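In what follows, structures are represented as structure tokens.
You will see two complexes here that share chain A, one where it goes with chain B and one where it goes with chain C.
The block that comes next holds the complex of A and B.
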């Protein structure tokens, strides 16, 4: 009897786990496995053929372009991450600790999400008339007498790329940080004040340490999104800047799938290492 | 010279827009004393405490501590320290770091502040837990840490917001005597907010009963219990029956009422029917309905020592007479 019972229990457990396992296997594990396999294939100008060669990786790792593009990707990531964190933390802090009623917190939080009602592309395009040579920004600055001639670096530049990243992804920082901040017991802030902490000391000694898990989750969102992006960089830099995503998309456009797959594998490993390092700092399991 | 731990509230009012939480409260806290602010929830006792602590602004009036007017000072500049209801320990800091927090804010160097924290932890008997996190402690242990954290600032007055309400009954009794002991040993004033009469009676040198933002009565525990001045105090303190003699209300302690079988001479006695009998260990509690006259709208409660009760047991439904000495009937302000 006990044996039969435990067998049916085990079966039930397997059955309950299987739907998610199947979905993950089909749509996550299998594609990644295929990319890994294809990354070892060979390619000619007009065809690709199954093989097991290290040519793709060898070419990738020997090319100086790879390193400069990876460096550029890291640069975009670090700058965008820092700006998203600074803005996201400030917005979340304001919402969580300066807005007194929950109704207004929810209203203002929803206002933050309004830009997400349109697609990424449209939000990027909408910067063009603003930042262009004769755009609103340049015209305003000129009419105010701050500049004499239009700024050239506003659009189709690294500045524009970072601006778009920050615009697109700050909310991914706001949400988890706001969520952790809302869980901080308000009496902790009073206790800090009672112990003589200034506003700044409360921020660094109480709020910041307790918000770490949220900061880490937001950081993972932003870092993975920025490192995997290709369309924003192409669009906002006017094809003058490149990141790893564009390297892959170019290979795909030229039907060099094995090379694209190899680059993808290297990018995937890089992102996983970055996240691994970030997780060393904070235990986010507390949060989940 | 004024005692450093004596405090005075002068016509202190707290209003939120139209709503008045504390209405012109004036009171004196003697130095080196244990004061309980007692009242039902929403009576303004917590707001009063929070105003003394500086976590709530005072709408009108003044608060003095020692010979200083502290009405507009920040919490840490007042010489008060607060122990919060849910203890409000910092979950990311160890017990020792929690206790040393205020010293860290002052910029005291690490070694010095940790050794100071250890002294306070020894005072509350928690030295062995210095490196634990608050979540690894029981409720009673967390409370001791919170106490140590409040006391490390060397306050003249310790403010305690319902400190015992989160503990189980057994622990509550133990912490109660420990709070009283600490207050005596430290020689500072404690102001303790509670809604429990037992707690206030057992701890307080001075009880302040509050209701609807006003003070109902101030006095020693015995005064407040034996000589309630208002109907509210008599009913809130418990152990009293409030009756009407036609002109005004009387409060009579339930253990001062005698149950007799025959109508007593003199005529103070009223007729009543036994409704319920409860055995409480050393006593029996008998609930009666006064028959006919409307002397008491509520059931009358009488407490009888168990030996006395066993000699002449009562039965439910039995008609009896209630008698008391005129001295025990206490006239209430209307």
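The block that comes next holds the complex of A and C.
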């Protein structure tokens, strides 16, 4: 009887999980497999043909462009991550420890979350009137007499790219950090104060260590989103800057699918390594 | 014991206000600029105030197939939303117990979340291409978007079930309910407000998705693809008008979902049951 029951339980779990497994098999596992396969294929100007050659990887790993583009991708990632973390932590800290009623916490949390549910493309476009040559930023700075002529590097530059990343993705930092902060037992903070800790000491010795899982989850989001991006870099840099995602999308536009696939494989491996390292510090399933 | 607000509160409050301004400022700017006069440009100053650019949107020939793409995005969003809710709930229920392969499946879900979107687009596009199938938003586009919405739906379900009080189920079982009856009459009503959250994510993430639909939508664009196409060849405030309209649309959708979640949990609170109350 217990055996039969555990068997039917397992079967039920399997049935329940099967739609998820099927979708992921068809639209995640198969596509990855396909990319890996095609990365060894050859390409003519108009079509791709099955083969097993390492040309695509050889070309990719021999080109100095690859290394500078990967370097640039890491640069965008590290800068955006650091800014998202600093801003996200501060905002979450304010919401979790300085807002006293739950209603206000929920309201302000929702105010932070809503933009995440609107279109990224529109949020990028919306920087144009602010950063453009005749935009608000330049007009303000000029009328204040800080600069004499418009700054050219505000829009369509690496600065704009990082700004957009921070604008789009800080939310991914705020939500998990806020979530872990809300689970910190408030009596621990009282204990720290009773033991004579200053606010700053409480922050660094009590809150920060307990918030680490949330920080790691937020970091994983931001790092993967920035590393895998191609559209933000293309739009905000005015096609002047490149990251790995753009390398792939350029190859796709030229129908050089095997080359795009090889770059994708290298990008995926890079992302997985970075995430693998980060996951060593946190057990995601426990933290939800 | 109400204490005096310290200086750190005001500093942090100012920081928070700046953050909100940073989040909303640009969107508000284009909302204002979309009311430019007919001769106005992409930046301030305003050259008169008019609805000119909104009228422009309704003229088919002025800008591509915006309304067609809006209808497709709406349809796709609803398809993705329903599928995400159903599959996530089933997945969430399944994951409450360990089963053979649950570890692998969990890591696949995480992979789905962190994989660069363009890889899904490229891989699915390649498969359809090699099978001589036409990519279409209802097939390849639909599946690709699910790889983005399902992980979010599932993570929300994990969060919900981690906080779920199992004694309700045990009580139902002790009263002789079958497992289906337990789910239908006990579990689902308790988690209903969270399902609205899953639905909201499913719809809005799909409605705004760009990278995963780029190579999988086929010859009929979804709205984000249409808008991105416009950024390269439209240099008038009509772009802002469109941006403002779809943002307003998103905001209305979000408000409807949040209000119904609030209404549901309030109704439940009146019924004297506060199980599963949470932020999500």
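Quick note on the criterion: the second predicted complex is superposed on the first by the 263 of 288 C-alpha atoms of A that agree within 3 Å, B and C clash if a C-alpha of one lies under 4 Å from a C-alpha of the other, contacts with A are read in each partner's own complex, and residues count from 1 in each chain.
The rule we apply is simple: a residue touches a chain if its C-beta (ideal position, glycine included) is under 8 Å from a C-beta of that chain, and two chains touch if they have at least 3 such contacts.
All of these numbers come straight from a predicted model, not from anything done at the bench.
Student: Determine, for the superposed arrangement built on chain A, whether chain B and chain C clash or fit.
Tutor: On the shared chain A, the partners fit.
Student: So, A:205: does it touch chain B (first), chain C (second), both, or neither?
Tutor: first
Student: Regarding the shared-chain residue A:29, is it in contact with chain B (first), chain C (second), both, or neither?
Tutor: second
Student: Check whether A:51 is in contact with chain B, with chain C, with both or with neither, and answer first, second, both or neither.
Tutor: Touch status of A:51: no partner.
Student: Can you tell me whether chain B or chain C touches more residues on chain A?
Tutor: Tallying touched residues of chain A, the top partner is C.
Student: Return, as a multiple of 10 degrees, the angle whose vertex is the Cα centre of chain A and whose sides reach the Cα centres of chain B and chain C.
Tutor: Taking the centre of chain A as apex, the angle works out to 80 degrees.
Student: If we overlay the two complexes on their shared chain A, which of chain B and chain C does A:86 touch? Say first, second, both or neither.
Tutor: So A:86 meets neither chain B nor chain C here.
Student: Quick one: is A:197 in contact with chain B, with chain C, with both, or with neither? Answer first, second, both or neither.
Tutor: first
Student: Tell me the contact category for A:188 with respect to chain B and chain C: first, second, both or neither.
Tutor: After superposing on A, A:188 lies in contact with chain B but is clear of chain C.
Student: With the two structures placed on a shared chain A, what shortest C-alpha distance in Å links chain B and chain C?
Tutor: Superposed model gives a least chain B-chain C C-alpha distance of 6 Å.
Student: Go through chain A and flag every residue that touches chain B in one model and chain C in the other.
Tutor: Touching chain B and chain C on chain A: no residues.
Student: Residue numbers of chain A touching chain B in their complex, please.
Tutor: Chain A reaches chain B through residues 185, 187-188, 190-198, 201, 205-206, 209-210.
Student: Can you tell me which positions in chain C touch chain A when the two form their complex?
Tutor: Spelled out, the residues of chain C in touch with chain A are 6, 8-9, 12-13, 15-16, 19-20, 22-27, 29-30, 33, 42-44, 86-88, 90-91, 93-95, 97, 99-102, 105-106, 108-120, 122-124, 126-127, 130, 143-144, 146-147, 150, 154-155, 158-159, 162, 179, 200-201, 204-205, 207-208, 210-211, 214-215, 224, 227-228, 231, 239-240, 243, 246-247, 250-251, 254, 258, 279.
Student: In their shared complex, at which residues does chain A touch chain C?
Tutor: Residue list for chain A touching chain C: 9-10, 12-17, 19-21, 23-24, 26-35, 38, 87, 90-91, 93-95, 98, 106, 108-112, 114-115, 117-123, 125-130, 132, 134-136, 139, 167, 170, 179, 182, 199, 220, 224, 227-231, 235, 245, 248-249, 252, 257, 260-261, 264, 267-268, 271, 275, 284-285, 288.
Student: Quick check on the complex: what are the chain B residues that touch chain A?
Tutor: Listed in rising order, the residues are 53-55, 74-77, 81-82, 84-86, 88-92, 101-102, 104-106, 149-150, 153.
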